[in-house]
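Inspection log for the structure reproduced underneath, given as structure tokens.
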Amino acid sequence: MIEKTNSTILSNEKLASSIYLLKLKLKEQVSEILPGQFIQLACTGNEVTLLKRPFSIMNAYNDTIDILYKVVGKGTLNLSQMKASRELELLIPCGNYFSTPTSSGVNLLIGGGVGIAPLFFLTKKFPDCHFDLWYGTSRKNERGPIDNWTGSNVKFHFHSDWNTVSNVEEFQGTILDAYKENSTLTPSKIYTCGPTIMMNKITENWKNKIPIEVSLEARMACGFGVCLGCSFKTTSGQKTVCSDGPVFNGETVVWESL
Amino acid sequence: MIEKTNSTILSNEKLASSIYLLKLKLKEQVSEILPGQFIQLACTGNEVTLLKRPFSIMNAYNDTIDILYKVVGKGTLNLSQMKASRELELLIPCGNYFSTPTSSGVNLLIGGGVGIAPLFFLTKKFPDCHFDLWYGTSRKNERGPIDNWTGSNVKFHFHSDWNTVSNVEEFQGTILDAYKENSTLTPSKIYTCGPTIMMNKITENWKNKIPIEVSLEARMACGFGVCLGCSFKTTSGQKTVCSDGPVFNGETVVWESL
Amino acid sequence: MDSINTKLESRLGSMVMSNPIVPASGTFGNGKKFQSFYDINVLGAVLSKSVTLESRTGNPQPRIFETPFGIMNSVGLENKGIDWFKKEILPFLTTLKTKKWVSISGFTTQEFVDLAESLNGFPIDAIEVNVSCPNIHAGGVQFCQNQNTLKETLHKVRKCSNSFLIAKIALETNPLDEAIRIISDEGFDAVCLGNTVRGLAIDVVNKKPFFKKTIAGLSGPAIKPIALRAVWEAYSFNPNLPIIGCGGIMTSSDVLEFIMAGASICEIGTANLIDPFAMPNIINSLSAYCSQNAISLRELVGIAH
Amino acid sequence: MDSINTKLESRLGSMVMSNPIVPASGTFGNGKKFQSFYDINVLGAVLSKSVTLESRTGNPQPRIFETPFGIMNSVGLENKGIDWFKKEILPFLTTLKTKKWVSISGFTTQEFVDLAESLNGFPIDAIEVNVSCPNIHAGGVQFCQNQNTLKETLHKVRKCSNSFLIAKIALETNPLDEAIRIISDEGFDAVCLGNTVRGLAIDVVNKKPFFKKTIAGLSGPAIKPIALRAVWEAYSFNPNLPIIGCGGIMTSSDVLEFIMAGASICEIGTANLIDPFAMPNIINSLSAYCSQNAISLRELVGIAH
């Protein structure tokens, strides 16, 4: 059940240019939080924002949650200027979650940019499962933190096109290309989160072969399924990213509708 | 000449309930500031404000200015929550100023509420003139600070209707009544700033007898005479409070138009 | 909700409601999601997402854009159609103790008629007829912007329906006095002013309109002064036609502005998306206002005129 | 202004301007006060406060109210009349190197005609005809809201004036396509979209409208999506009629939105009141945009269509 609650910023650390790690202490106990779920966070600051903004939960322990965010606009700019002890209102936990990873085979995780966040949480929540984690970003300096934090159940692969890639689409292809060139793994299950076009390509690649769960993004207003702002087409009709998702079986997504 | 500049909050002290003293350090040198002039201050904070807000200058020395303000709405609420070192944009100095006080007789000053601010500045700017300063407010605890700060050129009278006055109009009359009951002074010149109705009554009282300068208030947009938002009627036609004023000869003001 | 404050009791013509707070259509889903935040029976009425005859997938993504103190939406009346609505939603609405309002939207006069008619006999308290959507027989001009089609549509809907009928018109309706006259002449029970205001945003990086359908609906605090103006004018034109105010209402003070301008009831839209507890919070603070001022809301309707 | 960037050169029909930034009437006084902040010759044109035939004291206080990301004003066209304007302001305007536009406002068709005629022979580059003000012969309805009076007024003004003529209409003008057709048919050189949007505020403590005249004009960022929509539609209706965009423009990015939607020139209103340096700042940042993107603004006009 989604709760509206308050939180206090414990820390708000800059990890790389425009990438921040935000640690929030929740004021109230909430239901169990599962990997794939997100929060709707009020981000008002110098720049005025009206709607809350959705962010994947990167980790949740005791009453603390971690958010990895990238500064792209008004709300995230506000966040980047906030200091410890500031209070932020949020809705938590929103949306559905990833299915339980396999404990027999290897789970392949492919994250693009801040899309790494929910995948990282998956590896933490299931320490007994094995993960092959591919992390693609356009900046070399984003490797360090993630690599250092992953546990022994994770094989970490980093791929950046730093200095070479000028447009995002090209980059989005390259993490999959990099995987294909460098891996001989046959995963039992695939989880991915990142730019839509990347998840689309990944789905095409393994379609009908291996189960693929994708964590989608859309512009949201409410975040709890009432406004249909985030509604898109699937093979079984219109679905909301915020409430039916964000996690979907990749094969059911009609990608053009996103 | 009005300048747009930045300032840094040096301190923002609560003097009494909802009354604050704000000290600002200006980032740039500005023209000489005279008593009666005001600033247009950007007050954006948690509450969003678009227009700058006008505040009388209560004191100006070196590159510091003092503002006495009362929390009445969004902008002043924001101000009251601000801490030292925060930057605030402003226009300074705006408007005209009081004429030079007489140095032969006694200058009578009557201030209502935060209207005391520009009168206080007058006493500081002209240490060789003598002032009889009457300060009316609805709260007893506002006496202390002002009384303590006035110099030896000032005779300070405090009048509050604390606990007895429920509506402002009644209070606004009482500072004049208090003066009439308690004073035998024949002032050479009168300066007043405060609620419009108070200044109106004061003008009526001394009309055609003693020169009266009033410092008016109006809702402002620009603060420098271009929008006519603060325009009102005088015996010599429409005038803007922000640019032709805020200081006017009380006898020229058509009070109903304010 | 602390306890029921009779000072909040409101009347929309013949309809007596516990308080004047109703969700705006399309910002409340069909109520179920809000039920998990709070008991939606505290609301003056519930109001469902506009339903059309056929199921509609709505407009392409993106559908939401934030503007200075407003939001624009291009949802495009996505809904699963009246048959699904009757099967899946009406039974749930029927379990509620508060008033149940249903919003209908058509693209031709006949669609409105069919929708209204098909709701006869169901236990609902009002139908809000969303005539602020484009009439495809009139080149896409909104029903409420053309006096003839507005008149024809309201006339036919009134004739076929035995419900309490509300006409929801655009805030830009012009001339508004004509529309108000038609709504009242055609025997509608109330007017809702109003819907979103037509707006546009350009994506300057891609040099294209942000929304695929170009024009989208602006809502939220930005439009409040416009909605208040429309309510004020409608009340001036005809103080006997009950008015529902809608547009940018966020706080109890906003509600008071609308009531004093002439609205009997207020619909809350965008505020629900910003804070799911917006409506119960407003009700609580209206309750405090009425107690502190020993005044009941009904005394305040149109008082600023 | 660092240096003149030819990429900012803009055309409003036959008028060539150094850049597309012009103050909106009534937010710039008559230019003198701004001259002490910066050299106003950096502007594409200057535009004076609307002048009427007779001197007007305007509306009572209060005249300004702040709304969510907007302001409302009830200045009421205070000005000292055309004779004073010619004697006191035109000589100052004549000393400027940039284009000089003059705004005129009337309450009858004849007043517009008299004003326009009396400006013949003066060295001004354009007259902006503010037909968004109420026509007292038509019960106070704005000129632009009635096709007949709009047509008659523009026709007569065009006949008597030899100036470059701009019709400034309300953003709510409805039907807009008709108004655009009339403006173009009557030989006006450009349309300005548009003026403030009619809004209301209630003072809930006093239970009265905040403004003595009840309805006031809403401007600022809140109305930007509405103004953009109007510009977009006007350009769709007639891409050959030059458009001036106006409403809520605060930044260079806002200007780009208007240009891409179809405006050749942009007027800046409320922004001037918030920050006297708004216009030169916008010009500088447009200049940086054009250089960085190796593009000239003229290529962008209407590009989002």
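Each chain gets a letter, A, B, C and D, in the order it is written, and its residues are counted from 1.
The criterion applied here is as follows: a residue touches a chain if its C-beta (ideal position, glycine included) is under 8 Å from a C-beta of that chain, and two chains touch if they have at least 3 such contacts.
Remember, it's a predicted structure, so these values are computed and weren't measured experimentally.
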At minimum, the number of touching-chain hops separating chain A from chain D is 2
Identity of the chain that, by mean CA position, is farthest from chain D: A
Report the inter-centroid distance (CA atoms only) between chain A and chain C in whole Å. 36
For chain A and chain B, what's the span in angstrom between their mean Cα positions? 55
Rounded to the nearest whole Å, what is the centre-to-centre distance of chain C and chain D, using the mean of the C-alpha atoms as each centre? 34
Multi-chain contact sites of chain B, meaning residues that touch two or more partners: 48
Among all residues of chain D, which ones touch two or more of the remaining chains? 68-70, 220-221
Among line, ring, star, complete and other, the chain contact graph is ring
Listing every touching pair of chains gives A-B, A-C, B-D, C-D
Interface with chain B, chain D side, in the complex: residues 26-29, 33-34, 36-37, 49, 57-58, 60-66, 68-71, 73, 75, 78, 220-221, 270, 272-277
Can you list the residues on chain A that touch chain C in the complex? 1-2, 4, 48-52, 74, 91, 218-222, 224-233, 238, 243, 257-258
Quick one: in the complex, what on chain B touches chain A? 44, 46, 48
Chain C-facing residues of chain D, complex: 67-70, 72, 141, 145, 172, 174-175, 197-202, 204, 207-209, 214-215, 218, 220-226, 228-229, 232, 248, 253, 256-257, 260-261, 300, 303-304
